[in-house]
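Below is one structure, written out as structure tokens; the observations come after it.
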Amino acid sequence: MKLKYDSYYGSFGGRFNPEILHGVFTELTETFEKVKADNNFWLEYEKILKNYSGRPTPITEATNLTAHFKGAKILIKREDLNHTGSHKIDNVVGQGLLAQRMGKKRLIAETGAGQHGVAVATIAAKLGFSCTIYMGEIDAKRQRPNVFWMEKLGAEVIEIKSGSRTLKEAINEAFRDWVNNPKDTHYLLGTACGPHPFPSLVAWLQSIIGKEAKRQMIKDYQKLPTKIIASVGGGSNSLGIFQEFIEHKEVGLVAVEAAGLGVDTDNHSMRLTANKGTVGIAQGYKTLFFQDEEGQMRKTHSIAAGLDYIGVSPILAYLVEKKRIDCAAISDKEALIAAKLTMRKEGIIPALESAHALAQAFKEAPKMDKKDIILVNLSGRGDKDIFNFGDLFFDKKWQTFIKQKAANQIESKI
Amino acid sequence: MKLKYDSYYGSFGGRFNPEILHGVFTELTETFEKVKADNNFWLEYEKILKNYSGRPTPITEATNLTAHFKGAKILIKREDLNHTGSHKIDNVVGQGLLAQRMGKKRLIAETGAGQHGVAVATIAAKLGFSCTIYMGEIDAKRQRPNVFWMEKLGAEVIEIKSGSRTLKEAINEAFRDWVNNPKDTHYLLGTACGPHPFPSLVAWLQSIIGKEAKRQMIKDYQKLPTKIIASVGGGSNSLGIFQEFIEHKEVGLVAVEAAGLGVDTDNHSMRLTANKGTVGIAQGYKTLFFQDEEGQMRKTHSIAAGLDYIGVSPILAYLVEKKRIDCAAISDKEALIAAKLTMRKEGIIPALESAHALAQAFKEAPKMDKKDIILVNLSGRGDKDIFNFGDLFFDKKWQTFIKQKAANQIESKI
Amino acid sequence: MINSDFLSSYIKKERQAKPILIMAHLVLGYPDFKTNHEQVDVMVKAGADIIEMQIPFSEPIADGPVIAKANQLSLARGTKIQDCLDFAQKVTTRHPKKAFIFMSYVNILFMRGIANIISQSEKAGIKGWIVPDLPPEEADVYLAECAKHKISPIFIYAPTHSLARLKTLANYSKGMIYAVARKGITGGKTNFNQELIERLTIYRKIAKKPLAVGFGISQAEDVDFLIGKADIVVIGSKLIEVLDEGGLTALDLFLRKIRGNH
Amino acid sequence: MINSDFLSSYIKKERQAKPILIMAHLVLGYPDFKTNHEQVDVMVKAGADIIEMQIPFSEPIADGPVIAKANQLSLARGTKIQDCLDFAQKVTTRHPKKAFIFMSYVNILFMRGIANIISQSEKAGIKGWIVPDLPPEEADVYLAECAKHKISPIFIYAPTHSLARLKTLANYSKGMIYAVARKGITGGKTNFNQELIERLTIYRKIAKKPLAVGFGISQAEDVDFLIGKADIVVIGSKLIEVLDEGGLTALDLFLRKIRGNH
């Protein structure tokens, strides 16, 4: 079972674009085909990630968590150590190079929580692109620190004040921008979703995670992991680590979705889990969506901004259908508890997204043998979540600090 | 000129402790001598840093900054990519292992800005120590996010409400704790200062930075840098990168202090710069201090919390005296401008400490030849400085965000 | 084939009497179905020739802010697909001389079942369908069902298209070709200029079908400009704005002003 | 050597009449020199035998909060080293029967010049010096200057010391040995218990010098406890607290209460 990086994966994927996007997608697909066949592209890609982002990221043995759960050995792939703090950097570096090959001068992107926006602004600065980030007004309000950094990195952040004023409005606006500037602009989509070739392109770029992990496992542990667990927003970090192991049937692959307030509530972001998502076509591609019986998208919820999404990578939908990947769901509360435990036991502050994968590992480890190995993909660091952690742990001192900051806003001395 | 990791470096260093500390320092010195002679210790140290912190950190070629300044090629050693975001992790991992060898069960530390406290709390969690961090009440107020993380990492943070309620009170309190618990506790000092063996110990541990850098320079550039530039708080990151090159006379070494509001004002943190610091003995060691003619310490200032210190590593004082290291001073304003430029040109958010080294590089690069290479030690990432950046850039949207956060503190849902 | 295409014949016939036809757009269930009835009545009386009825969708990626918001509000009021089909049945019966077409996004068809919704559309008197996010490459079933049920599948021309793409779309489109006047998405400002004239000339040559021009038409002058260059003008966002601001009376006035000129 | 040691002889002589001597501590310039004069007068009249005068330093790492704060406030008022020497000159002249010693941190001596400050101390009538952050290993010049100027260098015993260390310090210390009753730093609560008794017994054996016990003495009972086990009690933080709270009258009362019992 080898992925072909095609437009369809089984019945999932495709390209359902307004005609106006036909040209840009044709150009993008052709360039993708070209660089995929060009080994030099991959070498340049690896080199930048090495020298700029510190790849390969290490695998840390979570000795204390392993001892705590008394089961499988827990290993952690440390995507949090990447430049900008998550696996997102791979995709933006890769598409940045692609855009250079296409002779583009400008990168645009949508962003929800702001992580992808910061990554795009970063790579735009490094590779010399001008940069516009679209962000719903509500998201921009919630994620002011990220907006602040995007601007300081030189990006223009446009806040969308129409419609839902969240991610989907930002996507529409970004597409609108793209079709108005097809010559000089590349739209840098943030995950393995959307119309072909984005799912293939992003999955291919992120496959560097699994390639590294396989090499590291063989070198340091002389075997492959029993299970690999990763959280699923759009699917880029999970596919990133899974792909290299798909052919190795003996390796279990677990994709973890956000169960939000609970699997039995309506406030979640489950799509892969049986009976939660149904096949639909929206935002340009066919996959499992969290929608009603008439095809209207429903409101998702997760404590982790990056998991709070209506669709999912068609590649994941396919691999789950084929039963090559299992899926699981973790609630907000379980994720928070897992995050706390990981901080205390391993000194690692996980992103709330990644905490979902950890929580699933903590459920599975005690049931497994001590000879088994669970490899968790820790997709990002949790510093970015301080406002969430602070609010959610109901930390009194933190709240007082914020109040005082507000009271004493000082003027620039300079 | 090879460093001996001795108690004295020329006339600097020594150990001027209250008698009550005699025992703990004797034990620490003996253990340091032992592990220094034991190659396995260094191998274990390197292995943890590799698997836990992602060392070696890469060297990034700052192509855009190089083009901008039209002089020497500017390279950046990326200590910001370390776990917890700075070079501080090396020292805490190393001393953590040392404490294990001594059979200690508990780590204590002082912290000013909180970076060192977070690093110690992190390694305490990972290596299974209990942990107490002393912090002046004023510092704790200013650096609430770091206090928050220390606590979540499982450390007890004790806020000192007496005296100046800043770093020096915290140091006193930590020493007091240590002498009350000499058997089970190790005091993990954060920089290459203090009574012997701390300067030697910390410099030795941090020498890993320069060892890597030398290997990387030879492998990727087939030569050593013309100059290496690093910022100086206590001296650990600068000595960390300098040491390996001390014997290579052709490599210029520049230590950058904080000129604060300006070299001609009283609001700075200069000690190495001629006529700014004078030889004195305080806090247990002999070095250059920012003091008055009677030996009373003066008030230091820097926009960068980590550079705002009255003393400096005796090893640096010695090497500056011997003219092996040059020193320079960068003002708050110059550092901020350098930080901004580095974000825009390279997509890297430097810590304000590291921005001082960058600013110096930007002064020197245009005067140098295109064949020359400047290697800047980027000691840490700047995310931690968002409150400073936000205030100092006088960002209106950021300030509104903080006000709203204060207004809408929400209660925990869980 | 040509004989089975009601929409082509209808347009050809109407065009003999009028220099340009008007296709008026509304979002079903917005502001509510009662108003929709009156809206259609006004449109028909004021001289609209084709009524384009949009079945609302939660992710209207090809629509601008005005229509997107109408979609959102209609859904918030609980609009269902069946309501839209029932509504179509009523208005096509009430206005048998006019042509009605549906517009919606592919997921609405897909979730209902393409065969189901196309056959239901035919029964409801609908003559054509526009599905902006269904390119012909993905449209096998849709095209087959349209053919079976005498529904004209209408495809869209964009300013960014290559000649090859224009030809491909012409092959699949029935009844008319819907040309987007400007880059970008519905509801903004269009430049009615020389470049547009040249584009429309090329479209005509390639399409060999009635040409509808939409997106950004907001005043009588725009319509004037298009006479002789297109067969149909499509008015979308502007009609919703007019209705939102001035109600049915304003809508009537606006359409009459446009129609009255011709 | 023994003959040149004024402090030893003085203590030996005074101890013949008293079961234990009192060493009273003050921080020079705190609250101000005028009060310091009256403070010393009160101490002397109330029966203190040795006055320990601390020259303030900005980094008093061996002091607890009370004394540290007094250091800070004294410096904030502008206290200079010369003021302290001048003050010493006056009080030693005024109270020729008592012994006065200086206490400060090494940087004060170092920056003034060790030879300079030791000789000036001698001229000002000072008999001993305590420098808590100057261990004998770093003290060559200091020891030589003390010897030259008949100043007793006083070293400190800590509960954590090995026997070897106790011996080393005994070799260097003149006039007395200053024993820290509890771990930690000045000004907290000490347990006057069996462990302390054992420790003091060992100290006596090794030191073969008058033994002063300090840190944490806050009431007459503490002093009682030490009779027969030490030669001198040192009262530091407590005296500052008493002065801060009740002024010179309270200081007088407090000292008399302690002295009066014996």
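Chains here go by letter, A, B, C and D, matching the order in which they are written, and residues are numbered from 1 within each.
Heads up, the rule we're going with is that a residue touches a chain if its C-beta (ideal position, glycine included) is under 8 Å from a C-beta of that chain, and two chains touch if they have at least 3 such contacts.
These numbers come from a predicted model, not from an experiment.
Touching chain B and chain D together: no chain.
Distance between Cα centroids is largest for the pairing of chain B with C. Each chain gets a centre from the mean of its Cα atoms; for chain B and chain C, those two points are 66 Å apart. For this pair, chain A with chain B, the centres built from the Cα atoms lie 33 Å apart. Averaged Cα coordinates give chain C a centre that lies 99 Å from the centre of chain D. Chain B has no residue in contact with two or more other chains. Viewed as a contact network, the protein chains form an open path, each link joining two chains that touch. The complete set of chain-chain contacts reads A-B, A-C, B-D.
Of all residues in chain D, those touching chain B in their complex are 57-59, 61-62, 65, 68-69, 72, 75, 80-81, 105-108, 110-112, 132-135, 137-138, 155-162, 165, 169, 180, 183-185.
Against chain D, in their complex, chain B makes its touches with residues 14-20, 22-24, 162-164, 168, 171-172, 175-176, 179-180, 182, 278, 280-284, 289, 291, 293-297. On the side of chain A, the complex with chain B involves touching residues 50-54, 57-61, 64, 78, 81-83, 121-126, 128, 141, 144-145, 147-149, 152-154, 332-333, 336, 340, 343-349, 383, 386-387, 389-395, 397-407, 409-414.
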